[in-house]
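Both complexes below contain chain A, partnered by chain B and then by chain C.
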Partner chain A sequence: MSEDQILLKVEFGGGLELLFSNEKKHALTLPARVPADNSTSPAPSEKETKPLDIAYLIHWLRDHRLKERAELFMENDTVRPGILVLINDTDWELEGEGGYEIKDRDEIVFISTLHGG
Partner chain B sequence: MPRLCALCSTQRPILKRPKTGQQICKDCFFYVFETEVHNTILEAKLFQPGDRVAIGASGGKDSTVLAHVMKTLNDRYDYGLELFLLSIDEGITGYRDDSLETVKQNQKEYNLPLKILSYNEFYGWTMDSIVEEVGRRNNCTFCGVFRRQALDRGAAMLGVDHIVTGHNADDVAETVLMNIMRGDIARLGRCTAICTQGEDTIKRSKPFKYTYEKEIVMYAYFKRLTYFSTECIYSPDAYRGHARSFLKMLEAARPSAIIDIIYSGEACEVGEEATKELKERKTCKRCGYIASNDLCKACTLLEGLERGMGNAGITDRGRKQLEASGPTPDGLRTIPFFQMNASTPTDATSSVTTSGQGSGARISPVVDVSAG
Partner chain C sequence: MSTSCGNPTVEKDALMPRRRKFDRTKTCIKCKDNQGNVTIRHAVYCKECFFPMLNQKFKRSLEPTINPIPDGPRKKNLYPPGNLLIAFSGGLGSTVLLDLVHKGYVASRKPREDADAAVRKKDPKNEMVWKEVHVCYVEVCGAFPAMRDRTEDVRRVVESYDGFKFVPLRVEDSFDTKWWESVGGKPDKGELRVDITNEDLILLPSSNATSPLSALHTYLSSLPAPTAIPTTLQTLTRLLLLHTARATSSSHFLFGTCLTSLSVSLVSLVAQGGGFNIKEEVQEDWGGEGGRQAVRIVRPLKDIVMKECAMYAWWRGLEVVGQEVWPDARQGIGGITKDFIVGLEKDYPSTVSTITRTCAKLAPKETPAGICTLCNRPAQGHVQDWKTRISIRSLSPSLASPQQPSLAPYLCYMCHTTLTSKSSKKPSSGSSSAGGEEGNEVPLPLWVGARVRRMEREEMRDKVKEFLLDKEEEEEGYAEPI
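The block that comes next holds the complex of A and B.
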């Protein structure tokens, strides 16, 4: 694996997978450095960059994997309240939330608490 | 230095508790989650040894976790309860039929007897056919009224003393908010009660009253419990949906908001004046169930459906229109007669008989007790 790519696994649960073509598991390869403004379309190289983090991943998933109803996944530049995020089986609230810098082979899980009862 | 669990100071924390902000490890999380429910049960004196208790099971996260925790606590603390799973099949294609599969799986995992009661067998209507008749505006009113009565009757058939449901702290807080917004003062205090019991209804309680939804979902995740998480296809309750999003926004800003709202609801002393609004209880002339008019809500709704005036049962005005449009025709489909606590648990099913009223009472409740 080259130094400038990061391999990661993403999993959706709690009904959230329905927004992502009903696929629970996604294996991704993303650049280690990404645009600081979280824009996910191919960007001019002079753009300011930052290490790949959860905030960028959320934008990337919305732009490249989400199939419908983006408002059920994102709100105000982050996940919608009521969606839990786990980073390697730890609550993202303990890991710096959106600012967590993703490492090679990390596993990120998104679970909706809003579906069903 | 690595962070350590706030409770045991030895393991790595995996969760930040919304209620307290504490960072705790997986083992401590399971322990405090279960123990808090246990304490809630003890403080409210919910059970007596020997009680027969039905868990209202939908296959969703809350009732799946509730079944797991009830079974765990009953074994760990020797409650001496006889537990059952009770499910209602509303007849919603592609939704309830799938979630009932989850319930059947739970039944095997926990080795609990399961009974499924369907709207179709009981009322002669499925939610699919009701929506076809009344459209998608008031369907949840029908569903809620029918479910409530079906659960009570299912419980009577099982001969249980008590139904526990998976309503969690978020659900209770949401209901408090909605009652405030409606100005429904009488319900405001009552909706926070952990246990509701009229003289003639089966006791119902919410052991998860103080349990955050976030922790229920985390518990299911870390215990690898499988649950069903698809939205009902007829779920149109936009108002409730907004109340929920609002609550989740408050929680994001200050996690204690949920428990604070519940405390506020509890603190609302309901004066005589406000409670008077709630009508006094009667017994339904047609089916024997509790009612505030001559007919219970379910019989009124059912008569509206049967007479092709689907929405007549929804409002008082609609009910009067129904009454004004002539007497109830003969041969109308009705609900079997209901007698509470009329028999011993062993012949519980015989306590539900076919109503003599209305010769067209061809629906008899069907029991699907698959003992584990």
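The block that comes next holds the complex of A and C.
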């Protein structure tokens, strides 16, 4: 893998996969540096950039993998309340939430707690 | 200068400051050794310490309720007087509950040999606490067209555990005499219906037999406001489960309501006029009248937040079947409350437990005047008089003559409101769809008719008791308090 690309695994659980073509596991390759404004469309080169982080990943998943009802996944530029995020099996609240800089071969899990209960 | 009516200075200051998501370090607060994997209400736990911590919370909540008279937290012997029923919805909480009960009380324990555990009063750790464990699921797809039936998905999950007996029900069973007889109800002498357009809810005898499903549809479509539908379905489901608990000789009946869900149900209960039953929403003993064995309803996940449930299910690899979202449920009182509480839990995780702690301190001012025939919970008396006093209304005088039997005196405030309070957006469309040739006559769940007739009989007996020479023999069909 080249230095400007990051390989990561994303998994959905708790019924969240239903919004993502019912596919639980996704292997992704994303650029190591991404637009600072989390815009996921092809960016002009002069745009300000930042290292790939969870906040960008959330936007990217919404724009490129989500198939329906974005409001059930995102709210106010982050995941909707009731969705837990694990970074390498650790709660993202311990890792800096959206600001966590994703490393090569990280495993990110999104779990919905709202699938009935 | 701002033209707004608000006070910007005060509003800015009124924002509650957010605490850090974890208090000090990322090290587990239990073992003080491992790096933490999860934060629960600002406390950090590693994966190894998370499971014993959750299991301890579960047992600490459940075990003091198992013996008929609580022994306090330092109990030693568990001797429940009956079996166990678990309410399973397929949702996150009940999935976790099923696994915790199986791990703690069924797996690796042999069947209980002594039939009369209450006499023996000992709890060998290698024997099951309850002799039998039933898991009951109520399918509500009959209430909504095009909703998927999940019974088989749920059956697969329940049957993946050994030692559980699966009891599938359907919400329309509330109107099915076969189900009613199967749980020990006596066949009624003519079905009771109610005129839902009249606030007195006049009772009418009816011999028109309809299928349980069409009776359910008539009942739901005659409700005066869309928000009454989720409330009604919850009541029907709860009563179906309670009667099943009695039919399976269960002394304990567990719900998988976690702290987050409990806070949602407490706030929405109060919003719907059920504040009188706030204590019963947490724990209650049901159906102990007439010397019968009461069913104790317990919510052993009431100290566990939804996040803990989700982490447990994920790390244990549990399959969460999920519940179908009911149409309009998100716009209902329950849905709006859930959105609010889940958002609150994300931003201020310790605030949600404040709701349940505050509710635990509340008690109704009046003593209950009786039991509501519909929801079977304690009810305050004179609901209609109170409603007349607190609301400005311009209703025409009641058309009910004193001789006409009516359901209203036998209902609690919340059930009466659910059946009669019209939506402000949909004036008086109420029962226009109640339908068919029966006009405004709406069938009632079978337990309502049985209880109304028994109460009428008791009232009649009270009136004439001084003229009676001998104790009147129980009339067949109403002898058993159902």
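Assume the second predicted complex is superposed on the first by the 117 of 117 C-alpha atoms of A that agree within 3 Å, B and C clash if a C-alpha of one lies under 4 Å from a C-alpha of the other, contacts with A are read in each partner's own complex, and residues count from 1 in each chain.
Assume a contact is a pair of C-beta atoms (placed from the backbone, for glycine too) under 8 Å apart; a residue touches a chain by one contact, two chains touch by 3 or more.
Keep in mind the model is a prediction, meaning the values are calculated, not measured.
In the three-chain model built by superposing on chain A, chain B clashes with chain C.
Look at A:13: by the touch rule set out above, it reaches both chain B and chain C. In the superposition on chain A, A:93 makes contact with both chain B and chain C. By the touch criterion defined above, A:55 lies against neither chain B nor chain C after alignment on the C-alpha atoms of chain A.
By the touch criterion defined above, A:108 lies against neither chain B nor chain C after alignment on the C-alpha atoms of chain A. Annotation: chain A residues 13-15, 81-82, 84, 86, 89-91, 93-94, 109, 111-117 touch chain B in one complex and chain C in the other. Chain contact summary for the complex, chain C toward chain A: residues 21-22, 26, 35-39, 44, 47, 89-94, 256, 258, 260-261, 306-307, 309-311, 313-314, 320-325, 339, 342-343, 345-347.
Chain contact summary for the complex, chain B toward chain A: residues 3, 12-16, 23, 58-63, 99, 166, 171, 213-214, 216-218, 221-222, 227-231, 244-245, 248-249, 251-252.
In the complex of the two chains, the chain A residues touching chain B come out as 13-15, 18, 80-82, 84, 86, 89-91, 93-94, 109, 111-117.
Across the complex, chain C is touched by residues 13-15, 81-82, 84, 86, 89-91, 93-94, 97, 109, 111-117 of chain A.
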